[in-house]
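Down below are the structures I want you to see.
There are two complexes below, and they share subunit A, which is joined by subunit B in the first and by subunit C in the second.
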Partner chain A sequence: MKPAPFAYAKAKSVEHAIELLGQAGGDARPLAGGQSLIATLNMRLSAPKLLVDLNGIGGLSGIAVRNGRVEIGALTRHVDAERSADIGKHAPLIALAMPHIGHAAIRNRGTIGGSIAFADPAAELPACLLALGGEIEIAGANGRRTVKADDFFKGLFETALSPQDVLTAIRVPAVTKDTRVGFAEFARRHGDYAMAGLAASAKANGAGLAGVRLAYFGVGDTPVRAKKAEAALAGGKVDDAIAALAADLNPSGDVQATAATKKHLAGVLLRRVTKQLMEAQP
Partner chain B sequence: MKIVEDSPPVLTALDRPNSYIGRSVPRPNLARLAQGRAQFVTDVTLPRMAHVAFVRSPHAHARIKTIDATAAKKSPGVIAVVTGAELAKVITPWVGVLTHLKGIKSAPQHAIAVDRACWVGEAVCAVVARTRAEAEDGCEKVTVDYEELQAVTDPETALDAKTPVIHPDLGDNLTFERVHSAGDPDNGFAEADAVVEATFMFGRHTGVCNEPRAIVADWNEGEQRLTAYHATQAPHMMQNLFAKHLTLSEHQVRVVTKDVGGSFGIKVHTYADEMATVALSKLLKRPVKFVADRIESFVTDIHARDHRVKGRIGVKNDGTITAWEIDALSGIGPYSVYPRTSGIEANQIVNLTGGPYTCPNYKARARVVFQNKNVMCQYRAVGHPIATAVTEGLVELAAVKIGMDPLEIRRRNLIADDAHPSQGPSGIKFEALSHHASLAHLDSMMNYAGLRAEQAELRKQGIYRGIGFASFVEVTNPSAAFYGVGGAKISAQDGATVRLDATGAIFCHTGVSEQGQGAEAVIAQCVATSFGVPMEQVRVIMGDTDNTPYGGGTWASRAAGIGGEAAWQAGKALRGNVLAVAGSILQTTPDTLDVRNGAVVDAATGTERMPLHELARICYFRPDTLPAGVQSELVATRHYVPRAWAFSFTNGIQASYLEVDTDSGFVKLLKHWCIEDCGTVINPQLVDEQIRGGVVQGLGAALFEHCLYDQRGQLLNGNMADYLVPMAVEMPDIECGHVVTPTADSELGAKGAGEAGTAGAPGCVMNAINDALRPLNAKLLTDMPFTPDKILRALGKV
Partner chain C sequence: MSDMRCDIELTVNGETVMETVEARTTLVDFLRETLALTGSHVGCEHGVCGACTVRVDGAIVRGCLMLAAQCNGAKVETIEGVSDSGQIADLQSAFERRNALQCGFCTPGMLLTAQELLSNGGVPSRETIREHISGNYCRCTGYQAIVDAIEAVAQARAGGRK
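On to the complex of A and B.
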């Protein structure tokens, strides 16, 4: 479990990182917290020629609340997001999800940007971003652009990022009085990637819900919106929403759960998260 | 040294002034380990040391047609690329059989596969390089041309005529078969008011050590000697095997085993890659290091517990058990592991089933078959968790069938505490057990009646909690009956040599070894007490075949019971020697003196007569002042091996309290209790740690751990993300309690405590889950580990 040989360069700025990523014939990879990347290198599942270390770049970490949005810099460590009062107050869904991400040692190094860029289909943050209708800030060879979460996750470990792109920040809408969020997951052991999980947001609408966004994780190649269930839930029908999952989700089984179990758990999650949405105050 | 958590000594001969027996003294090695100053094999770096990595078979069964090493040999840093055929000129193959397992057979196994690979992960070529990374780079450049052969992966069909025979020379895929019948099982079943049967499945799993297997082999051409720094449980056994297969004599081999980061039975076997490493050192005439990484650990560290057991129990309406029957099938790897064999676990299932109970009518069959999967062998509590889960599963099913409380049926059938010596249905002999005292202790410790009331109350609210039990017996302190009689060169006895140094301190050299379980502390406690010095003045030396008495090492819960007794006796003998000289210096008879707290004292009054350092000074530096004819002997050696009993059986009972989330199929462990009787408790804290750690491994088996293979023999979850070891958050509070029935075979009276926790926990959790789900008419769960998948299926939800 030693990585194949690779070169290492420390980027001084985002522009420098983009320039470095253009070298090595496109076979370069940004290095953030290293909690996913280094494991894949050590297991020789990937062998890039060059690692471009983002950790020395100033201004890529930090949490800011402005214009009704919460912006989290790509290099912000999980632990800092977990402990941030701003996130607790303005992006409570992310606060709910944080303790489920691995273990303390992993959260000390792992980054928000790394989690989104890596896009593990069973990871919490990509689903939260999707549930919140967030967006992703990207700097690339052709300048900067913003991609909506709904358009970002393309396939298994595949995103809108191209090899020369640096993810610089994510943004989610700050909660308002009528925002409702809910989060639950099933993992065999605390800290494991989920067998199935659900991040949800909605707006209170009288006694019911509107603008429901249900983002499942661990049940597909990407985080998955359950759109039929969203509609049913907005109509106030939990049982119909659960039934609709059959059409929304098409999980495959893995070593921790069969496809049937994942589907079943998705329904259990929906019932539990709906309860949170109905009860939770932001 | 701070002494904490005293437990009142139940002792007699051990009750010396300043006794450390029965006290939770901290382990002397704590600071060393905590400060990172331990010496694990990975810490060993020698001049000119090279690293080896292995090219491993990606196929479960394949002919090796050609190996092209041309590119690898040119890879940066590569020193040598060696194939199985090349290495076979340096090291001979071995066959893992023992004569006391009648009929057991296996095929010769090579250090590196020659011609054919028989499981995914078997080494087919070695690459030796300056660094491990360069060795791995080299491995990627070795091209092996395989011809895939059909893999045998289902034990149920391994003996079918149309299944290929893995080793054609052996005739079939049957490694070992044992049939046993005792009492009158047919009549027992005929007499029963009810007969209950079930098929129990156990998930093949492994013991995941913090420190992986590791060895540095240093062949010294000048001395014609091999020194192996080896993370092993049995240094002298390995000395014998390295010598034998390198065609050396034993004195040409030294095995050094310093700190070992957990072993659990994993590190007590012969591993092909470790044998290859010593052979490579001899071939290349330089030190070679091999440290298994996590990925290769999963495909090469022995697996265990791959068993299917059909069981049957007969019971009368008054609760009397009338007969037992089991049919066990075990799928091992393609080879029986050397030298302890892969037949022992199945053999233990036959030995131990029904063990705690009086019913003598017993019929058993166990078959062990070869498979193209990683090798399987003995891991913590060998066979016990299987036999216990089958026995206890059947007992609780019988109780349900006749409508009796599960503790009550046990009370009516457990061997009475005053009925010993006694024997189990398989003929295993018990010196003295305390099943009923243990059960009574558990009943009150857990507040059983209160929990049952709580369970009933919560069921009304749709909360499903379960209570499960497991009584057990545990094999400890093995005599030569375990391996020696079968021809394995594994010492049954152990020794200790104690020496008084010139400052009055004690050195104790012992044949048992430290794996993190605290053997070093226990040995120091024994010597300090029996000789009479503060524990700080005892230095324990272990794990060096050049420098310790020839011994067995650490396995089968033997280090404290056997090694401790040898140390105890050696300390006593040295005290006798010291008092003999003291008598002549002080001009009194030795029997009026004693050694206490580092000084020679008047035995009657405790008044100090002479500090030990003064006595040592005279003996070493001014022996001219001693009376003529007095020669001091400040070294004493004693050995111990259990003779009266083949094994010193311990016993106990565990209980589990848990909650099943019937929507998700998740089990939450709420509480676990273990009452056990390991005889004299030398160090209560270490015993409780062993029990708790053992329970946790058993809980892993019940809920999490499983080496999942597909039909082609590929391991699907061989990494720490997918293979689930039990972790702290999911573990319940574990309460331990003790009943003390010392063995009369030794003065110390200590039996083993290392495996009791693992023996009982899985069966207990199985019973608790079924107890929780009984009102829901769920299907019986008998297939470990109990995953959410399986529980949802039993509930009919998926």
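On to the complex of A and C.
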């Protein structure tokens, strides 16, 4: 299908983007990589009056490591994060997830900020950000603010962003020598949205794990923390953690898989990811 | 500041093009409908099938997930230009020789996608080839012959450089 008619404006700065977003009475959408947004326009799942193209704004892309944190500018393309030595070294969970995000042509265009802002519940990056306890930088009509990943994902495609906000960057803690990360997903075709997936981080604690954060995707309206399983895993019991998923997760069936299949896959994922977490990592 | 129609100037296959487009026109529709470059195909129109693959500023993208209005100042290359340039002649020949196409609908996108992988140099594993073309549907061949053709060209190009 073809999109319903809309107007197009190219923002010159973040402030200009915020101003433009305010002009269409809340019916404007920011356009970053467009790899989800334009698909929804083509399918007429959404029909905004105005698209505000962020792609011309300088200073919104790039990766920096400072003060023990990795900051990724919102307009950084997936392909650039995938090839980044800094991401590989300091944010290895994101490096693990990157090859699973869409296909080569999608990653050439899609952006890190766009993935987070769109907040598809089956997408990899929102779950990674949640697993890492990251934060989101937002610029809006009333200035700038920082929102923790735990507070950012509100509901199905719903986030802490208001219609006039622009997501400018994400930040995650840089790994230390005791950081452990793990990632796995099941998709019907490599690069497609997952039937179910799991991003995880923890700290090595003797022979066990502490500070376990398990973020599932494709099993709810948002990326979902499995908190009872986290506690069980910190206690060293994988089988107990898998049993605890029954209380943590309540997936609905979708076009990809039934609820029962997703529940089963969640357990398989936890066993695989736990193995990764227990292995020594650089 | 915002418009339902946009003036754009870009190069397509090396030629400068100036047009006024509806803001909602996708790149692939612009190429096909306005410029009559019908080698880029329109399949699913939501980024799944890869039939509309074109190059923008040297990187392959989905022609259905980019607006023509966003291509102001860009360098766009389609299968027509890439084919005429001769840079994929060996790949096209390998596709033909190994029956890596039947109806041909996916072929332009498949060739541009394969060429991007091959331009990285070396001989990628069959698994890497499969991953790289995972965003391009082919409903005729079952992919085996396509992987064969890409692998053969990678080997030939690597051999040719020695």
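The working rule: the second predicted complex is superposed on the first by the 280 of 282 C-alpha atoms of A that agree within 3 Å, B and C clash if a C-alpha of one lies under 4 Å from a C-alpha of the other, contacts with A are read in each partner's own complex, and residues count from 1 in each chain.
Heads up, the rule we're going with is that a contact is a pair of C-beta atoms (placed from the backbone, for glycine too) under 8 Å apart; a residue touches a chain by one contact, two chains touch by 3 or more.
Being a predicted model, the structure only gives us computed values, none of them experimental.
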- Message: I'd like to know which partner A:257 touches here: subunit B for first, subunit C for second, both or neither.
- Response: first
- Task: For A:79, decide between first (touching subunit B), second (touching subunit C), both and neither.
- Result: second
- Message: In the overlaid three-chain picture, which partner chain does A:102 touch, first (subunit B) or second (subunit C), both, or neither?
- Response: second
So in the superposed three-chain picture, is A:2 touching just subunit B, just subunit C, both, or none of them (first/second/both/neither)?
both
### Message
Once chain A of both complexes is superposed, is A:34 in touch with subunit B (first), subunit C (second), both, or neither?
### Response
second
Of the two partners subunit B and subunit C, more of subunit A gets touched by chain C
Dual-contact residues of subunit A, meaning touching subunit B and subunit C, are 1-5, 43, 189-192
Touching subunit A in the complex, subunit C uses residues 1-4, 6, 22-24, 26, 29, 45-48, 50, 53, 59-62, 64-67, 69-70, 113, 116-117, 130-132, 134-136
Within the complex, subunit C is touched by subunit A residues 1-9, 20, 23, 31, 34-35, 38-39, 41-43, 50-53, 55, 79, 99, 102-106, 108-109, 189-192
Touching subunit B in the complex, subunit A uses residues 1-5, 43-44, 186, 188-193, 195, 255-258, 260-261, 263-265, 268, 271
Listed in rising order, the residues of subunit B that touch subunit A in the complex are 131-133, 136-137, 140, 293-295, 663-666, 704, 708, 716-717, 719, 721-722, 724, 726-727, 729-730, 787-789, 792, 797-798
